[in-house]
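Have a look at these structures, which come just after this line.
Look at the two complexes coming up: chain A is in both, with chain B in one and chain C in the other.
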Partner chain A sequence: MTPFDRPIERTSGRRGRPSRKVVLNLIVIAIMVLWLVPTFGLLFNSFRPAVDVSGSGWWTSLVPPWNFNLDNYRHVLSQNDIGEAFVNSLFITIPSTIIPVAVAAFAAYAFSWMSFRGRDLLFVVIVGLLVIPLQTTFIPLLRLLGPQGIELLGPGVGSFVAIWFAHAGYGLPFAIYLLRNYMGGLPREVFESAAIDGASHVTAFFRLAVPMSVPAIASLAIFQFLFVWNDLLVALIFIGATNAPNLPLTVAVANLSNSLGGEWQFLMAAAFLSMILPLAVFFALQRYFVRGITGGAVKG
Partner chain B sequence: MIHLNSRGIPRAVTLLATAALAVAACGGGASPSPSATAAPAETPGPTEAPSAELGGTVTVIGTWGGSEQESFLAMVKPFEDQTGIDVQYTGTRDLNAVLTTGVASGILPDLAGLPGPGQMAEYATAGALKPLDEVLDVATYKAETGAGLVDLGTVDGKIAGVFIKAAVKGLIWYNPKIYTGGQPASWDDLESKGAAAAAAIGGDARPWCTGIESGAASGWAGTDWIEDFVLRAAGPDVYDKWVAGEQKWTSPEIRSAFESFGKVVSESYGGSKNVNATNFGDAGNPLFANPPGCVFLHQASFITDFFQKQGGAKPGDYDFYPFPDINPAYTGAVEGAGDLFGMFNDTPQARALIKYLVTADAQAIWVGRGGALSANKNVTNYPDDVSKRSAEILANAKVFRFDASDLMPAAMNEAFWAGIVAYVQDSSKLDSILADLDTTQSSAYGG
Partner chain C sequence: MDDRLVTALIVVVGVPATVVGYILLTEALLRAVPTRLQSTIRPWLWLLPALLLLGVFLVFPTLTTIGLSFQDKLSRNFVGLANYEYFFSTGSTLAALRNNVIWLVLLTVFTVGGGLLFATLFDRVRFESAAKSVIFLPLAISFVGAGVIWRFMFAYRPPNEPQTGTLNAVVTGLGFEPITWLQGSPLNTVLLIAVAAWIWTGFAMVILSAALKGISPELLEAARVDGANELQVFRRITFPLLLPTVAVVSTTMIITALKAFDIVYVMTNGSFDTQVIANQMYAELFRFNQPGRGSAVAVILLLLIVPVMIVNIRRFRAQEAIR
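Now for the complex of A and B:
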């Protein structure tokens, strides 16, 4: 492995750099194109009538005569439950992202910089929870949250709170694992000098650990947001049976096609419409990936 | 250093926290239904006046989406106006998951579509489904509904499920502009007429259009073929034994049904690869292509919707013949399917709604919007000739049988689908496919 690295480094240092960069870029572009082809297919098809889509491939639509129209989008937007479902999705997704990220940040700090008995064991248990498929938890959770338990589920707003808890629980093992690895990698000197200056754990957490972990927290927030935003099953199981007015966008979108799988043409348009918000979130948080602030922390 | 980057972040955290609180607060305010259904009528007393203003809500879950959902909502609209009851409908194709977890945890909708008679019996014996004998006017219901459908909804002598809509399976569709050979008198006649018409078209045209792809349920369109052959060649008794798991898959009756289907596949447009790769909904498209790719398509009455929306066909471009007799002894046998509905929570609102849904007045609304046959014999307002004739087939069936694969246990049904796909792929493996199905049969029926 190391003998492999050296010659490459040397050539790149001397003469190979521009050509190597071109090759690298070409490979990246090729992978990107390959990766995006299905999405482009979906995009073009979302503007075509269903008869055309089932009759010919999407690439045939690129050559004239063009037969694109906005009918599919118009149909999706004219569904009267779509707007409500969008708002419901926000009600579900925003708290379901903030709660686990906040809890996981506290937990990650504790696992990294506080010493208490059973710390490692507890961490191993939490990481172990990662392997539990969430489908197996439905029935016990429904019993706990439903009429046999604390009666959160059912008609009314309770189901929103219930699903926040559910998503927070499903998200936490991974969130703690990710943030603990990041926070644990922060320079020890920072926390030691803070402690010498008299900073408590609370101060160290809010003033040091959180600001330095912003890239990790931002990426975690994106993951969790996307997971909850795209979730169909959990929403359906927790809200679907008794509380149709609270259902999120995914359920409304899935319902655009009929029970035999027909009318699928609207799904393509709906997919792009429901993609808008996650894309906005991604681009809004993207700069935090780039701005890693750990580098300068100790020197400052 | 501590001051360097920290200032913005706590503010951001506070902002987020405030946002969360605001959202929580909005969530609280936005819910329009403050426990309207929370009056779960512990006393199922004699609430026998559905026309009175009841108010409240009834929660319903079903598989219907898209235009079906619109039709269902249109169907319950007069009910809502009349009674003041709010019908909250959730449509999902994952009905099974919701109902399975619901039965186990007690969180169930008031009324629900049921995946099939098998699950209905399970839920009814478990006590989750409430019997409808006291809810419905049983005499009227039995008089208005086909006997086969009433029996299918009955568990241990009690009505557990009712049919709201039905479909006729095994119709032979054709394009009247291409095929003009008249109604085939028998299966052999149909085969020879199809071959002659395909030869007249020439080119790549074949007698049959067949497509069995349907996602995870791929193969079901082929099971309908096998069922039609078994029902018409071997008769309803063999069919019932087969459904009940008492007829071996390797028996000559079932085997010859597979072989007849294999012959159809070999005479299908595009060959066996195309049959497996074509979605059942798109399978009929070559009927309307120019030049046409095939003469006949075997599919249920609901395929007209696909013809129009995906095949680009207009009413008049398609018509059907009933599946011809194979053995004259079993003439007039018809295979059908339908959407079962049951009641999980016995509330006055749920009682009122299910009583309304079985009436001819209610079902006529959906029928009038197209795409459905009514389970109620008194509904006659079919919007076109094709659906009117399919409804007549359903009403006049001498021998009615429900879709066999849907009646089998879930494991058997899925093995059947998979067996069809494997057989279409390689017909020489028939022996091992049938032997595998026998193995599944011996375990799937729970002894």
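Now for the complex of A and C:
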């Protein structure tokens, strides 16, 4: 099974000279190379010594004599608390993914299979919340959660609790939208016959809705995971750029990026370390990832 | 560290358990209520956790921000529209607004145009899924990571030194002088948008490609049998059928462009005339300690997005009507 939709053999019956086919293939390959070059540049450079990086372009490292080593990674992992930041990122991301998925599942079920006054209007309002720029929420939330308020933010564990629930709140409109789209599309007969057999909503939720919605739940979880892992803005606001022990990877790398003008080689190693987990998640689960977005946006 | 591990465990196990426990508890309590009332109350109990989170983290702060935007920097005195006047009478903030308009137009054109082109081209080759994975890949990378990657593309060295930046190596290889990519306006804004397009084109491509595959092959074949060439088939049949999907993707990209922050923050931090609204707001808040002005910037951003939101809701309602 390929990660994306199976290519449909539509070109087979078409007239077309072989030379045109070759040109088309070459164009596609050129686009792929173009898209990969920036990332490969960083990858190769991150394994080169500082002198080489500042003295010549990454492409010169491709010809022998090869001069690659792991020193940049070793240095970054020992000196710049990047290892700590990696753990912090995990510590932020996992709860920030679980909370909205759990909360959204119940809300999506209520929107799909319970009828109540104002249901459609409320759902439309929640979808409308999708477009609120996160920036509009920061000052009031800082006042509420910061030193002037309930003092949750700061060097302790509290700022993590704040960021978990903030990410959960920010992620909910999309989560409810995606899950409601999927759950609402499940066959009505299944839920009707369950109700006739006397099953409660709780039973229908756990025995029918959740197991049948696994693809949507999986894609939502991947989305939220990538979003939170890659987030810089929310972390800057709730954790702060200078809150050393609590920094996630994105903030740590951004700090390196702003401060180390002349020490690029460490920045590159750090940046690549920050990409390892999302890339692994992406390659392992891209089937769900793609199905999730296309399922929500394109019907049929 | 141990402290955190314990907290993490409590959250990972505790939150789902709490939510489930909450639902079971409400069900137990509902049994005491007359049957007819049960089905009225139950949906609201199931929605309550979501509504609480949305209320605390989105609705309440947005409303408060609107209020703050009419107050001074200490958030004590009402100053009317002074913060808005400041925004619309200061050169640097107006430049940010202008740059966001450039972002909006170019990012949408680049991503939707590129996505459409790639989806159409890739549809005709055998290694389609590999090609799509490559274009989609940058979406898994953080904007911070992308910023670092592209600093290498744009790096500049004086003409007589060996170039380390990929683009300048190409430029000097062709016999031209190296260019300071990120320092000349408006080229630098266009290049920052190109980085954003590098990230988001894969998103547009995947959605457009799914819609493309939904078009019946017989329809296209019929047009070809009738003598239409490939360009005509695309213009007269494929593109009109893709139009609703193009609208969806464009909406998403417009919102993305208006909210653009990370790439600018990491790559130029708004210097050399590349400022955008979101970064301006961050600067007002945390560098200049101006919550009133920062809130006004946020409200302006919100107002820019409202029309997009209305279009979105209309479309969503139409789609629901078909269901």
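Operating definition for what follows: the second predicted complex is superposed on the first by the 223 of 300 C-alpha atoms of A that agree within 3 Å, B and C clash if a C-alpha of one lies under 4 Å from a C-alpha of the other, contacts with A are read in each partner's own complex, and residues count from 1 in each chain.
Heads up, the rule we're going with is that a contact is a pair of C-beta atoms (placed from the backbone, for glycine too) under 8 Å apart; a residue touches a chain by one contact, two chains touch by 3 or more.
The model shown is predicted, which means the values in this text are computed figures rather than measured ones.
In the superposed pair of complexes, A:N258 makes contact with chain B and with chain C alike. Contacts of A:G198 after superposition on the shared chain: neither chain B nor chain C is touched. In the superposed model, A:V210 makes contact with chain B only, not with chain C.
Looking at the shared chain after the overlay, A:P38 reaches chain C, while chain B stays out of its contact range.
In the superposed model, A:I139 makes contact with both chain B and chain C. When the two complexes are overlaid on their common chain A, residue A:P18 makes contact with neither chain B nor chain C. The partner that reaches more residues of chain A, of the two candidates chain B and chain C, is C. Within the superposed three-chain model, A:P64 lies out of touch with both chain B and chain C [touch as defined at top]. Looking at the shared chain after the overlay, A:A244 reaches chain B, while chain C stays out of its contact range. Applying the stated contact rule after C-alpha superposition, one finds that A:Q148 touches chain B and leaves chain C untouched. Contacts of chain A with chain B, set against its contacts with chain C after fitting on chain A, overlap at residues 54-55, 87, 91, 94-95, 98-99, 102, 138-139, 157, 160, 232-233, 236, 254, 257-258, 293, 297, 300. Touching chain B in their complex are the following residues of chain A: 50-51, 54-55, 87, 90-91, 94-95, 98-99, 102, 138-139, 142-143, 146-148, 153-157, 160, 194, 197, 199, 206-208, 210-212, 214, 232-233, 236-237, 240-247, 251, 254-263, 266, 293, 297, 300. Taken in their complex, chain B has these residues touching chain A: 1-2, 4-6, 9-10, 13, 16-17, 19-20, 23-24, 26-28, 30-38, 57, 59, 61, 63-69, 88-94, 97-98, 101-102, 104-109, 214-215, 279, 281-282, 285, 302, 305-306, 309-312. Of all residues in chain C, those touching chain A in their complex are 1, 3-4, 7-8, 11-12, 15-16, 19-20, 23-24, 27, 39-40, 42-44, 46-47, 49-51, 53-54, 56-62, 64-65, 68, 118, 121-145, 147-153, 162-166, 169, 198, 203, 206-207, 209-211, 213-214, 217, 221, 224, 245, 248-249, 255, 258-259, 261-262, 265-266, 269, 278, 281-282, 285, 291, 294-295, 297-299, 301-302, 305, 308-309, 312-313, 316-317, 319-320, 322-323.
If you check the complex, the residues on chain A that touch chain C are 2-5, 7-8, 10-11, 13-14, 24-25, 27-28, 31-32, 35-39, 41-42, 45, 53-59, 87, 91, 94-95, 98-100, 102-104, 106-107, 109-111, 114-116, 119-120, 122, 124, 126-141, 144, 157, 160-161, 164-166, 168-170, 172-173, 176, 184, 200-202, 205, 226, 229-233, 236, 249-250, 253-254, 257-258, 264, 267-268, 271-272, 274-275, 278-279, 281-282, 286, 290, 293-294, 297-300.
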